[in-house]
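Structures follow.
Each of the two complexes below includes chain A, the first together with chain B, the second together with chain C.
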Partner chain A sequence: MSDIKKFMYINRRAPYGTVYAWESLEVVLIGAAFDQLVSLAFIDDGIYQIMKGQDTSQLGIKNFSPTYGALGDYGITNIYVEKESLEERGLTLDDLIPLKYEDENDNYAEKDSIKVVTASELAKILEEQEVLLDF
Partner chain B sequence: MSTLHTVNKSPFEKNSLETCVRLAAKGSTVLMYEDGVYGAMKGTAVADTVKTALKTMQVCVMGPDLKARGIDAAKLLDGIKVVDYSDFVKLSVENDKVQAWL
Partner chain C sequence: MKLAIQINEGPYTHEASVSALNYVKAAVAAGHEIFRVFFYHDGVNNGTRFTTPPQDDVNIANSWSQLAKDHKIDLVVCVAAAQRRGIVDEGEQKRNGKDGNNIADGFRISGLGQLIEAAIQSDRLITFGD
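Right, the complex of A and B next:
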């Protein structure tokens, strides 16, 4: 039996009002470092975690949004964003940080990690996972 | 009696903004800060609630909290005033009381 499992981290909270988003990101990076198959979903207010142009300098707290840019280097290439959550918030893909990865099976071509999916598509993706963690 | 109403939770996570707008009297000031600032954006499912408030109340939003969350001024509903934390202090003093919708 393989020790590698399909992990899905479900992010449903806005980034700075609570510690959930930051804690999730830490656990995600640890999971990926242990060579598990990690994918992420941003649903509900979780979408706000990957909004472009975050600048916390006036609040004196850490802006951890640049860290999402490192996910590709940790082999996390599947980042799902729920279409319905985007629309409810008046947002589009252009409002999000353009997260990329280098595809080693395609001459290291740079590709988009973010996939905008509908709720029913996401339901199928969740069904394929072995471990689900909600933050 | 003038009242400052504050909302610091996302309108998609809690109904504080909705209840605030429903129960705040005309002429009140509503201040959105922390995760409450997501309510100030254009095109959201709660934009109509804020537009209703704008007709009879002054609606303010915390600039440093917008900046932290990557929300540009161009994304705000028309008529919302951007303030900072020293303005928050002034608003607290100028009004007779503060109602914090948690």
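Right, the complex of A and C next:
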């Protein structure tokens, strides 16, 4: 068995209200040390996890959204956002945190990590994965 | 087949832990290997020996402990999730200056890397939760 697997983290819940989104991000960050092929998908209310301009000051809960900006530095560069989930919420790519990475194979050019894909495209991507972590 | 199990919910509000218990028993009976059971989110609450449900109710933590003993199954509670929720072993008790510990027999507290390792080493990762 290969020791490098395709890991996909599926984030489908709103960032606050439950702890799943934050504890998912903790797994992603720890898991990055294992040098696997990692992708993240944001679907349903999970989209709200990577929305710009989050302010939790009135909630008394830590705003952990800046941490998503570090994903590129952790080598996590495949981030899929489901088109239908965006549209159902009246959102566009511009409403999301512009997650980027530096491509070491292209003179460290800054590139976008987020790819907007349809549900059927995402289904195909999920088919290719070996480990699904669903939060 | 070599299986890794992830449990994301606590013992009573949600059926996940009991379903996972039944699944693990069936998998072992069918000759599969359980590489590890990893408890995350509120799932860490399955790992306290301080639960005392009524006598006609199942004691889920005890059931896991018994299963671990019978089949040498590795039960791992996520340390970060456990610290938030007050699941403590002797090491954590000393490290964090607590006045006691509550980890159930057969459980150990370790890091999230144990979940990733289990997913890498196993043929399947099976998740129980919402």
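Throughout what follows, the second predicted complex is superposed on the first by the 134 of 135 C-alpha atoms of A that agree within 3 Å, B and C clash if a C-alpha of one lies under 4 Å from a C-alpha of the other, contacts with A are read in each partner's own complex, and residues count from 1 in each chain.
Following the convention adopted for this analysis, contacts are C-beta pairs under 8 Å (C-beta built on N, C-alpha and C of every residue); 3 or more make two chains touch, one makes a residue touch a chain.
This is a predicted model, so every value here is computed, not measured.
> Would you mind checking whether chain B and chain C clash or fit side by side on chain A after the superposition?
fit
> Identify the partner contact of A:I125: answer first if only chain B is touched, second if only chain C is, both if each is, neither if none is.
neither
> A:Q36 contacts which: chain B (first), chain C (second), both, neither?
The answer is second: A:Q36 touches chain C but not chain B.
> In the overlaid three-chain picture, which partner chain does A:V116 touch, first (chain B) or second (chain C), both, or neither?
Touch status of A:V116: no partner.
> Between the centres of chain B and chain C, viewed from chain A's Cα centre, what angle do you get? Round it to the nearest 10 degrees, please.
Rounded to the nearest ten degrees, it is 90.
> Rounded to whole Å, what minimum CA distance do you find between chain B and chain C in the overlaid structures?
12
> Would you please give the residues of chain A that touch chain B in one complex and also touch chain C in the other complex?
Common interface on chain A, chain B vs chain C: nothing in common.
> Under the touch definition given earlier, write down the residues of chain A that touch chain C in their complex.
1, 3, 5, 7, 19-20, 23, 26-27, 30-31, 33-34, 36, 131-135
> In the complex of these two chains, what residues of chain C are touching chain A?
6, 8, 40-41, 80-81, 111-113, 115-117, 119-121, 123, 125, 127
> Would you mind writing out the residues of chain B in touch with chain A in their complex?
It is residues 8-10, 12-13, 34-35, 38, 41-45, 47, 63-65, 67-72, 75, 84 of chain B that touch chain A.
> Which residues of chain A touch chain B in their complex?
Interface residues on the chain A side: 13-17, 44-45, 48, 51-59, 61, 63, 65, 88-90.
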